[in-house]
Amino acid sequence: MSRMITYAEALNEALREEMRRDENVIVFGEDVAVIGGAYRVTKGLLEEFGSRRVLDTPISEAAIVGMAVGAALIGLRPVAEIMYLDFLTLGMDQLVTHAAKARFMSGGQVKLPLVVRTQYSLGRVHASQHSQFLAPWFLNVPGLKVVLPSTPYDAKGLLKSSIRDDDPVLFIESGVLYSTKGQVPADEYLVPLGRADVKKTGDDVTIVAVSRTVIEALKAAEKLMEEGINAEVIDPRTINPMDWDTILNSVRKTNRLVVVDDGHKTGSISAEIAAKVVEEAFDSLEGPIIRVNSPDIPVPSSQPLEKTFMVSAEKIVEAVLKII
Amino acid sequence: MSDVIVVGETSVDEYCDVGLTPREMVDMLKQMLEIRRFEERVERLFLVEGELIGPCHLYLGQEAIAVGVIKALTNEDIVVSTYRGHGHALARGVSMEMLMGELYGREIGTCKGLGGSMHSAMYVKKNILMATAIVGSGIPIAAGIALGLKYKNSDNIVTCFFGDGAATTGAFHEGINMAAVLKLPVLYVCENNQYAYSLPFSKSFAAGNVAEFASGYGLRSYFVYGNDVISVYRASREAVEEVRKHKSPVFIECRTYRQKGHGVYDRALYRPKEEVDEWLRNDPVMKFSRRLVELGVLTEEELKNIDEDVKEKVEKAVEIARKAKVLEFGELFKYLYSSR
Amino acid sequence: MSDVIVVGETSVDEYCDVGLTPREMVDMLKQMLEIRRFEERVERLFLVEGELIGPCHLYLGQEAIAVGVIKALTNEDIVVSTYRGHGHALARGVSMEMLMGELYGREIGTCKGLGGSMHSAMYVKKNILMATAIVGSGIPIAAGIALGLKYKNSDNIVTCFFGDGAATTGAFHEGINMAAVLKLPVLYVCENNQYAYSLPFSKSFAAGNVAEFASGYGLRSYFVYGNDVISVYRASREAVEEVRKHKSPVFIECRTYRQKGHGVYDRALYRPKEEVDEWLRNDPVMKFSRRLVELGVLTEEELKNIDEDVKEKVEKAVEIARKAKVLEFGELFKYLYSSR
Amino acid sequence: MSRMITYAEALNEALREEMRRDENVIVFGEDVAVIGGAYRVTKGLLEEFGSRRVLDTPISEAAIVGMAVGAALIGLRPVAEIMYLDFLTLGMDQLVTHAAKARFMSGGQVKLPLVVRTQYSLGRVHASQHSQFLAPWFLNVPGLKVVLPSTPYDAKGLLKSSIRDDDPVLFIESGVLYSTKGQVPADEYLVPLGRADVKKTGDDVTIVAVSRTVIEALKAAEKLMEEGINAEVIDPRTINPMDWDTILNSVRKTNRLVVVDDGHKTGSISAEIAAKVVEEAFDSLEGPIIRVNSPDIPVPSSQPLEKTFMVSAEKIVEAVLKII
């Protein structure tokens, strides 16, 4: 049995199920309790689980992440919400210098089963300070796990796995995907961390895409099909750790790679994927690896400009055609 | 509140002692009306016409603060604003077309359409040097501006607006402590509208009020009834003088109320109806216009005319903004760096 | 300091009313001596033998605080420590070999040599759950631990140590406000040694003292003479009871002095000689040992014997640490994740 | 005329000269005035320029960076010091969301001539929380310029250019290099931002290395010489903007590339360089691009472990031999 539900609803179900399953799971952050989150992902949790387990906090991002670190150290499984990925710049010390390192630097004495949930708002006319896709930074933070779901199915299954995971997980949602719908089983399931998903198989070219751009990549693959090009579309889902096997095997099969994500091109997730592939599968490559990204400028507010700014199916098609 | 200077509502009898001419008071009311009608129109453009989209935070209910504080400044004094900045911009005299143009994402906008509503108040020609959408972040930036002013032996000061929610950010503490330790000429104005998005002030801040807490930094601190423009002006004038003279920070908390939701789409059902009603009865625009009529400074008729003029001005701004063009995408790269 | 409970030096006459047995007091002195001799030895290992390298922050002069506060806790209460943490660890009963082993970067160290001096106090078996080297960052982490304790209906509390410099960080403000608003059982202990590296307290913090500022969050707050272990203990016992009973944060500022430089290599020439001398005359270890002798709890002879024993213990720890082995590099990867 | 001086002294001279030249240059940060900085880079500035221009601040990293933003907005040229790169995690909002974006998001109304100076301490037994090489994050922040000098000569010339630059510059020094000596002209000179330096020419392989690892790369090149391999060593010096021409031209000549930096491998600066080269010069490549980096774990404190952890000349030699 499965139903069509939205990405936001899928996340909400994941939280509910894990909170029912494990008393140690608690949720806190700005506006998560009484109104159920700025984007309603935590809707109804206060009503079901009460104010002991679902807490509205002041506007104190560093303390929110820090509190998650402390709660995890004492054995809870906190799920902290940071309303926008941009605001995580205020919690970087706690996330990067504490959550990701406490286990290692103590010689393995502690574990930190915490989740920081957040979302990036590129595509919603939010301007430079509310549209940053900062995910690539966290590739470079060993000790963290980083998850970016692209479908309601993945969103639910990955969030459940993240909550059960014993390590700190940064869970980055896509704001524009909240309202997108997809099939989600009524029965419980998990999607494991660290495993990519082949969203579409193909032989001619591999397209690796992350989060929102997976949807664009799939549209691009459809258009390419019309031109007789059969693209394989891979969604890593977890970027740290990355499922290199799936990506490398695909490139070894297709011999061509286009990498796509919503970040600025320079220093992007796509850069890491390209670098790894050229390092490990150079001999399989029959052409350059093309990256499709946002340009290296902040995000403009004006809607038509933002649209031009963003990765689209058209840009992906164009990139594929360059190397085929 | 032992360490705090409390400024309550100003009675009509006291109006004459404030040192404002009737003309000035009418101008202040006109500014408040400009903000009021502008914001009402913007709300409709979002919710009824659906012509505007994206985040937008209305200033409705807080008009007395922008107008009262800014009246106490010179044009050369610097202002640091926020995402809830339309009121600050209009009180500073930013043109309605440019402000509306920014909301429409047009090249004629204050920020050429690159900032949108949340940054629309950033307009350097009117000495508004920042409109940040990150809660609290303007506070240390204002300290830096003040450092520069002091360094240059300028007589100008900087005024930094922020909300009650900002009072719980690390930036608030670091910024105000920095300004206090280095003795920097900043006027910090906390517009306490009693909500940070859905969070009521009592659940946000451990102290009973921000003014008293701020006095803990050794600052002179005011607690002001923020729905009375004359009270806000009186406190601000005194505070501004203090900052200018002593080149040290001063703090003002204005108690007010957010008449609408946090953002334009928020219906704010989390607030008790009686509370909302109580504050609506104390609407700052109504309050001030009634007083000016009472005082004989203005007739009902004149008031109506002013209001009509303002509405027309707003409508014109909408027309112009609607028709204006959007920047070419290629132009954007010009705004990344000053030098290469 | 209207809102603050001041606890000055405790006179010998009052010692009998404190509720500590002579045995307990001698044990406290022994702990203080352990810290003293450990730190003196560490200093020589850095500066004379040159056997240790890297950053290291000595606890010399602050011994009364770690010992006085921790004496007021149960072993199950949680402690959050800092880079200046050797004293906290020893007062909690962490073995000298393990602590010294950590300084030597050996596998027998509290953190298997991965943490070094700055994190050496992090030892979970003694319920020290964090020793952070980022100033102020322990404050919100302690709030989170307290949230967990409260959630589990535990009777335990968490005690969080930090310095005067931490009081100017955003984490201090956000963390304490959070703990106050959510009513979390944390005892915040500010060890005000009057310097943040080279910066004297008066140039660092806008308020005259941290205790009074903290009372601005609505907390019960103590201002304690930190070079008297009995004063620290008395205040802490009361504060701990309060936290345990009301499940709300309480604040203690202990005034003390950093007898040495900020780090082991810092000669701290930026401090006035008279100030240093004054505080050296009030050395907490000398003070307490003199009092115990005065009180007849201890003879000079016994004191000397204890001291000799402690020194021997320190020397043994050095021997063991020196000879211990370093972890294999390949092992490091095991400590990255708990699960894969 | 030139003298042998240390990297720290060279930086100190740069600050002095620019402060003499331009009244608008001021310096602030933790412990920079009375003691002249934790690593003495600002030594003597207080004595020469007084407490109006050289200010000790409280421990408030967010406010330090924020104050630099404000001071720049009003026309000063602040040089703010953040004692360790790790502590910049506390100032990310101000640096990334304000300094780097204020000009763009205001439609070019303002400029922000500020410098944030900091240093990374990898190699000095400082453990996980004081040894992070976070430079790769800033590749992905358009609007910032990012500079990492490897020699006293570059340190001085680049810091002077950074102070004169009208845009926000993040200037990342290497703690272990402070005491290294090199020739520095007595006469004034500038090193322009955005221009790489070929530290050694060669035909057989290109080694691009950043900051401290440049020294290791040069040692590696010497060893390779003994084996008859002539490596070209390039130091980008500015990683944002990167001097792609110099790098690409070198690869087009040598056809082989090894990239080196002190960061964790995944998401490193080296990743971006590899990705760009494979995108732009694929046809020139005769083998995979190898990256030499720190492993993907936090930095261990124990000295021998830290040494094993770090990039070394030996590891670079090994990498080169793999592709030659």
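Each chain gets a letter, A, B, C and D, in the order it is written, and its residues are counted from 1.
Just so it is clear, contacts are C-beta pairs under 8 Å (C-beta built on N, C-alpha and C of every residue); 3 or more make two chains touch, one makes a residue touch a chain.
The structure presented is a predicted model; accordingly, all values stated were derived computationally and were not measured.
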Worksheet item: Among the remaining chains, which ones contact both chain C and chain D?
Response: A, B
Worksheet item: Which chain's mean C-alpha position is the greatest distance from chain B's?
Response: C
Practice prompt. Between chain A and chain C, tell me the centre distance in angstrom, where each centre is the average of that chain's C-alpha atoms.
Written response: 41
Worksheet item: Counting in whole Å, what is the centre-to-centre distance of chain B and chain C, each centre being its mean C-alpha position?
Response: 46
Discussion item. Can you compute the centre-to-centre distance for chain A and chain D, using the mean CA position of each chain? Integer Å is fine.
Written reply: 30
Worksheet item: Which chain C residues sit where two or more other chains touch them?
Response: 111, 113-115, 119, 132, 134, 168-171, 174, 177, 181, 203-205, 332, 335-336
Worksheet item: On chain D, where are the residues touching two or more other chains?
Response: 58, 60-63, 86-87, 90, 93, 97-98, 104-105, 127-129, 142-143, 296-298, 300-301
Worksheet entry | In the complex, chain A residues that touch chain D | 62, 86-87, 89-90, 92-93, 96-98, 100-101, 104-105, 127-129, 132, 134, 136-143, 240, 242, 263-264, 266-272, 274-276, 278-280, 282-283, 285, 287-291, 296-298, 300-301
Discussion item. List the residues on chain D that touch chain B in their complex, please.
Written reply: 26, 52, 55, 57-58, 60-63, 65-76, 78, 93-94, 97-98, 102-113, 142-143, 145, 165-167, 194, 241
Worksheet item: Considering the complex alone, what residue numbers of chain C touch chain D?
Response: 53-55, 105-106, 111, 113-116, 118-119, 132-136, 165-166, 168-170, 196-199, 203-205, 270, 326-327, 329, 332-333, 335-336
Worksheet entry | Complex contact set, residues of chain D against chain C | 30-31, 34-35, 38, 56, 58-63, 86-87, 90, 124-130, 295-298, 300-305, 308-309
Item to complete: Mind listing the chain B positions that touch chain D in their complex?
Response: 78, 109-115, 119, 122-124, 129-130, 132, 134, 137, 139-149, 151-152, 158, 170-171, 174-175, 177-178, 181-182, 332, 334-340
